[in-house]
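Going in written order, the chains are labelled A, B, C and D, and every chain counts its residues from 1.
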Amino acid sequence: MTRTILRGYASDNTAGATAEVLAAMSEASAGLAAPYGTDDLSRSVVAQFEDVFERPVDVFPVGSGSAANGIALAALTPPWGAILAHPSSHITVDEAGAPEFFTAGAKFVHVDGTDSTIDADALAAAVTRRRGDVHSVQPSVVSITQATETGSVYSLDHLRTLADIAHDAGLRVHMDGARFANALVTLGVSPAEMTWRLGVDILSFGATKNGTMTADAIVSFDPSLATELSYRHKRGGQLTAKMRFQTAQLGAYLRDDLWLATARQANAMAQRLRAGLAEAPGVDVLGDPGANILFCRFPDGLIRTLQDQGYTFYSDRWEPGVVRLVTSFAHRTEDIDDLLDAVRAFTGTH
Amino acid sequence: MTRTILRGYASDNTAGATAEVLAAMSEASAGLAAPYGTDDLSRSVVAQFEDVFERPVDVFPVGSGSAANGIALAALTPPWGAILAHPSSHITVDEAGAPEFFTAGAKFVHVDGTDSTIDADALAAAVTRRRGDVHSVQPSVVSITQATETGSVYSLDHLRTLADIAHDAGLRVHMDGARFANALVTLGVSPAEMTWRLGVDILSFGATKNGTMTADAIVSFDPSLATELSYRHKRGGQLTAKMRFQTAQLGAYLRDDLWLATARQANAMAQRLRAGLAEAPGVDVLGDPGANILFCRFPDGLIRTLQDQGYTFYSDRWEPGVVRLVTSFAHRTEDIDDLLDAVRAFTGTH
Amino acid sequence: MTRTILRGYASDNTAGATAEVLAAMSEASAGLAAPYGTDDLSRSVVAQFEDVFERPVDVFPVGSGSAANGIALAALTPPWGAILAHPSSHITVDEAGAPEFFTAGAKFVHVDGTDSTIDADALAAAVTRRRGDVHSVQPSVVSITQATETGSVYSLDHLRTLADIAHDAGLRVHMDGARFANALVTLGVSPAEMTWRLGVDILSFGATKNGTMTADAIVSFDPSLATELSYRHKRGGQLTAKMRFQTAQLGAYLRDDLWLATARQANAMAQRLRAGLAEAPGVDVLGDPGANILFCRFPDGLIRTLQDQGYTFYSDRWEPGVVRLVTSFAHRTEDIDDLLDAVRAFTGTH
Amino acid sequence: MTRTILRGYASDNTAGATAEVLAAMSEASAGLAAPYGTDDLSRSVVAQFEDVFERPVDVFPVGSGSAANGIALAALTPPWGAILAHPSSHITVDEAGAPEFFTAGAKFVHVDGTDSTIDADALAAAVTRRRGDVHSVQPSVVSITQATETGSVYSLDHLRTLADIAHDAGLRVHMDGARFANALVTLGVSPAEMTWRLGVDILSFGATKNGTMTADAIVSFDPSLATELSYRHKRGGQLTAKMRFQTAQLGAYLRDDLWLATARQANAMAQRLRAGLAEAPGVDVLGDPGANILFCRFPDGLIRTLQDQGYTFYSDRWEPGVVRLVTSFAHRTEDIDDLLDAVRAFTGTH
């Protein structure tokens, strides 16, 4: 069968699921199984997570990153708390107030920094601002997106510095890992090193963008939060009856390092794209894609020409001419080369 | 391949998914697709729902019945409202306060009645209780479970009476349809007849128990609620990125009346069980299973004997000796007969 | 000046304020003072509370009992908690869901008992119901109204038994003391004996009904709750700028045992009423007024006759003919005798 | 009796109450009165408000500006709404998240502008930002503080422009009138002109800073919001039993234009202060006090010298040397002159 060339670069959430995840769903469907995550498969997936993170963890499968973030944050801040986050972070600009909903009204306080990352000095100033002043919301949790919404990747040192600042001031640390695997393979470190070993309290473990269908997970490294998380998870409508269909996805995702392989594929395709576009006359590659997101400035006419040929990507959100190209595990070399050919065809004749 | 006999009767949520649903997931996984329900497949599934309900509807896929109920109720009651519901209804006893969470603190006011159904006279008294009294929560929505938590099925007349009482008093009507299909085939009526034609404003359309994996849906018959529902759905963490994996399930579920076939199978198996058990000496069948839930009183020793053989079912929640047996679409004649054989073996020797 | 006879028995909240409270307001108004309770007067009132309760306490003045109850309960239950309370308690029937609002959606679970008091056995069953079951709200706090909404007064033994049951099961204990002083003088015990010594964690200290104008208070006996209470108090709109005008009321209320004197007066007037009505032909006195609330059954025509003469009281909420008469510190002997004369005039001629 | 010179300029909330307000409290205390604002006095105060605003209004007395703002905003935005407000506005920086609490999690979106006022162009851009995008909170209400937190006063034209922008885009308009009277007398316009005639939907009518003790009010100009406001008011713990003690304050405050007189006095004292300080060598007066708040830069040593003499004011929140001086109705000519003498004594010798 001929494989259709993929021409979509709008987001990694447009990809399907891996074959392994699909197969696991079929397997999970056979016979009967206990509901609400009390089945054997679901239990075994927790063990897989513990293996991956090299320690006991509490795992709560969810259907979306918004739910993961909302429930995690609710366990890390009181309603009168401030959530310190980058002004461009997904939780504050793209979730229609889901964190405010789950936390019963906590407030975002933005902490800026370059490349969508939180600046350490700015954080140091923010964590103690109006502490103990009953007229002000209280800094309670720092939320760090790794990789960030624009594809940059925090170094371990950067993360550790932020986590230390937070913990020294009595705050908790949340990591929004919608593209956790992409960051992990970029840094070439272990899941433990990028999370609890440097101070992350709860991780929103993103899997959907990287190969599952309807399953992400909250991974908590603080056992004292487990009970609260379990009730917030249930109450938030995330404790599904046929939980095994979500844990099956997560199990397949983690098995044999599939998740790292898919993330490497996505990142490699971004690098291939970058290398090709860097040589195209008139195209400016804007920085290096830390993970699987590439920003470029396209010459006049190229955006429209590509869109007319069926390529999709975002181009209207930043400066004129600037486009964002997101690759996923589903993209292969031939897809990337197809796009590069189209760019070359345009630039060669203009 | 030899099919393994199913011995689980604890709940219909222990069943897997239908083959058609699994196949649809695989198909949906091919290629790329727009996220958040803006893809073609998701749009076409809305059309399927409109076909099924014979009118325009707003459809919001969700990952659990708790989410469906919580979001639906939040759109139907202000925070100072009272949700009128049967004291045994799932929303008030088995969701850890999810409706209170989604509604920002509405309050349940219980309206009793036989067979887990709301009594019309009791409802008539409740809908006007302390209306306009600022010191009291205000009756705002009636929530009706069809089929009920104990498997009974409201007649159309009963439903219409309740809906009329509610609407006449200015209240809204919610239907918790966790076992909607089972009730539908019991009554032999159309989806339209059992919902909007008699006054249901929003339906929690249960599909998981009857053949899908991770997909139920909110179906709204009031277009004026669509905007509010869409924000509550997003904010509640239910607007998933790869929504097509949920709509694919719902599409397969509805296609060619699969959902009615699976519901008929579940109900038929309950009837077969009932007929068999009615003839077993010492077994008291308690009422007729309206849908796919059967209550019986077992003689001393039978519960333990069956459990020792691997049969599972609830027996500790009602009177001593009373068991609940729930069948699903996954059960087949041979499963039922296997259980009946085991019962006969016991009763024949005692 | 001729004093006008008071003919209102609808509620003790219809009374004005004591002369001492009014004088304290005038005094507090002189000069400037630091806002938000940081002024000297406000600090001294905390010391008065500590004197009264014979231990360090945290005091948060509020403008209403609903606010006191809502904020106190929010500090004593998580949103997924159950508030165990008598089905007739004010917090569940007369606050339009204020506790649900302040707690972000906790749920009332009613525990019945005679004379508006919680039955110990019923409570013992309720505190462990579905503990640890993630599908159910979790018993978290018992709320006890002392004196109750119908004027009955818990004995110290009864209170201690309930508090022990709660604490043994890990629950917290809240006391709604809207008529705290009335109960205190009925029992003839100390504030310490009726609260923290037997296990009350937070008291809603009612003062308005017994002599203040716009001031009640949350009194917390658990220092670990102080920070949370201070933010909930602020966030709930109860940290007023000119707090000294509320603390001035509370200070005058507590000074020289004024509050006990006013409560004794209210209770004595209820007893005088009871004694007089007990002798009136055709009038049935229903029980002894534990505090300052008396229930009677009036003969045909008496209710209407009294109302026509300007007497006010509730008569339509219980059985036909049953009336509730509430006395306050503002009632004097001549008021009571005036009512008794009117009753005698009626019964003498019928 | 010698009047003590007032040396406090920290805030107008340090003043006491007017004699008229105190007298009204005493009067209100006589006899019995119906509770919860159903008494004659409370009804008559609504009529006073209607007289002042020259139209029917709904009035909800509250105990604090935070409560007024929280309840008003909750009626003007859904939980998924954005509240557009100046980044320095009290509601977003000084209420510990009270608006987020009352609105069940709405989000502030800051709209900047000079002198603590919202810039019209910035507002025009903000009102349509991401309208209809389900991933974003939705612009729902603009909150304008008049006078602002730094004492500046919006012109009627400025207010009208903002209100028009808001209404044209389908948003509601809230006015935080903590210093409403001060702004009114500065502009020399009528209450109607500064509110509903130019588009204000709900006004937080501040009275405490300008002469009452424990009473502010929500004044709603949109009858369709009355029912919702009444339940939010009750549920928020603001429907007090002895409401007449709050309405008595408001009645006295409005009677015979007392409130305008007190505001004029406060403003005049700020002007006198300004005139005197403008002539003091080394003192820089920073702008004109629109209402009753004056900012100055003091020469080295003056701040400390004044504080040592018992003067109080804020000096640590802006640039070094910059102080804020707030006058109130309680300040008189001799108070101001006393401060000016102290400044002159310092500057004359340095």
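We adopt the following convention: contacts are C-beta pairs under 8 Å (C-beta built on N, C-alpha and C of every residue); 3 or more make two chains touch, one makes a residue touch a chain.
Remember, it's a predicted structure, so these values are computed and weren't measured experimentally.
Undergrad: Among the remaining chains, which ones contact both subunit A and subunit D?
TA: Intersection of subunit A and subunit D contact lists gives B, C.
Undergrad: Specify the chain most distant from subunit A by Cα centroid.
TA: C
Undergrad: Could you tell me which pair, A-B or B-D, is linked by more C-beta pairs in contact?
TA: Of B-D and A-B, it is A-B that has more C-beta pairs in contact.
Undergrad: Where the CA atoms of subunit A average out and where those of subunit B average out, how many Å apart are those spots?
TA: Each chain's C-alpha centroid was found; their separation is 34 Å.
Undergrad: Please tell me the distance, in whole Å, between the geometric centres of subunit B and subunit D computed from their C-alpha atoms.
TA: 52
Undergrad: Which residue numbers or ranges of subunit A touch two or more of the other chains?
TA: Answer for subunit A, listing residues that touch two or more other chains: 79-80, 95-97, 101, 104, 134-135, 138, 231, 234-235, 239.
Undergrad: Give every residue of subunit C touching subunit D within the complex, in rising order.
TA: 4, 6, 8, 10-11, 13-17, 22, 25-26, 28-35, 62-68, 70-71, 95-98, 101-102, 208-209, 213-214, 231, 234-242, 245-246, 330
Undergrad: Flag every residue of subunit A that touches subunit C in the complex, lowest number first.
TA: 36, 78-80, 104, 134-135, 138, 228, 230-235, 239
Undergrad: In the complex formed with subunit D, which residues of subunit A make contact?
TA: 79-80, 93-97, 100-101, 103-108, 134-138
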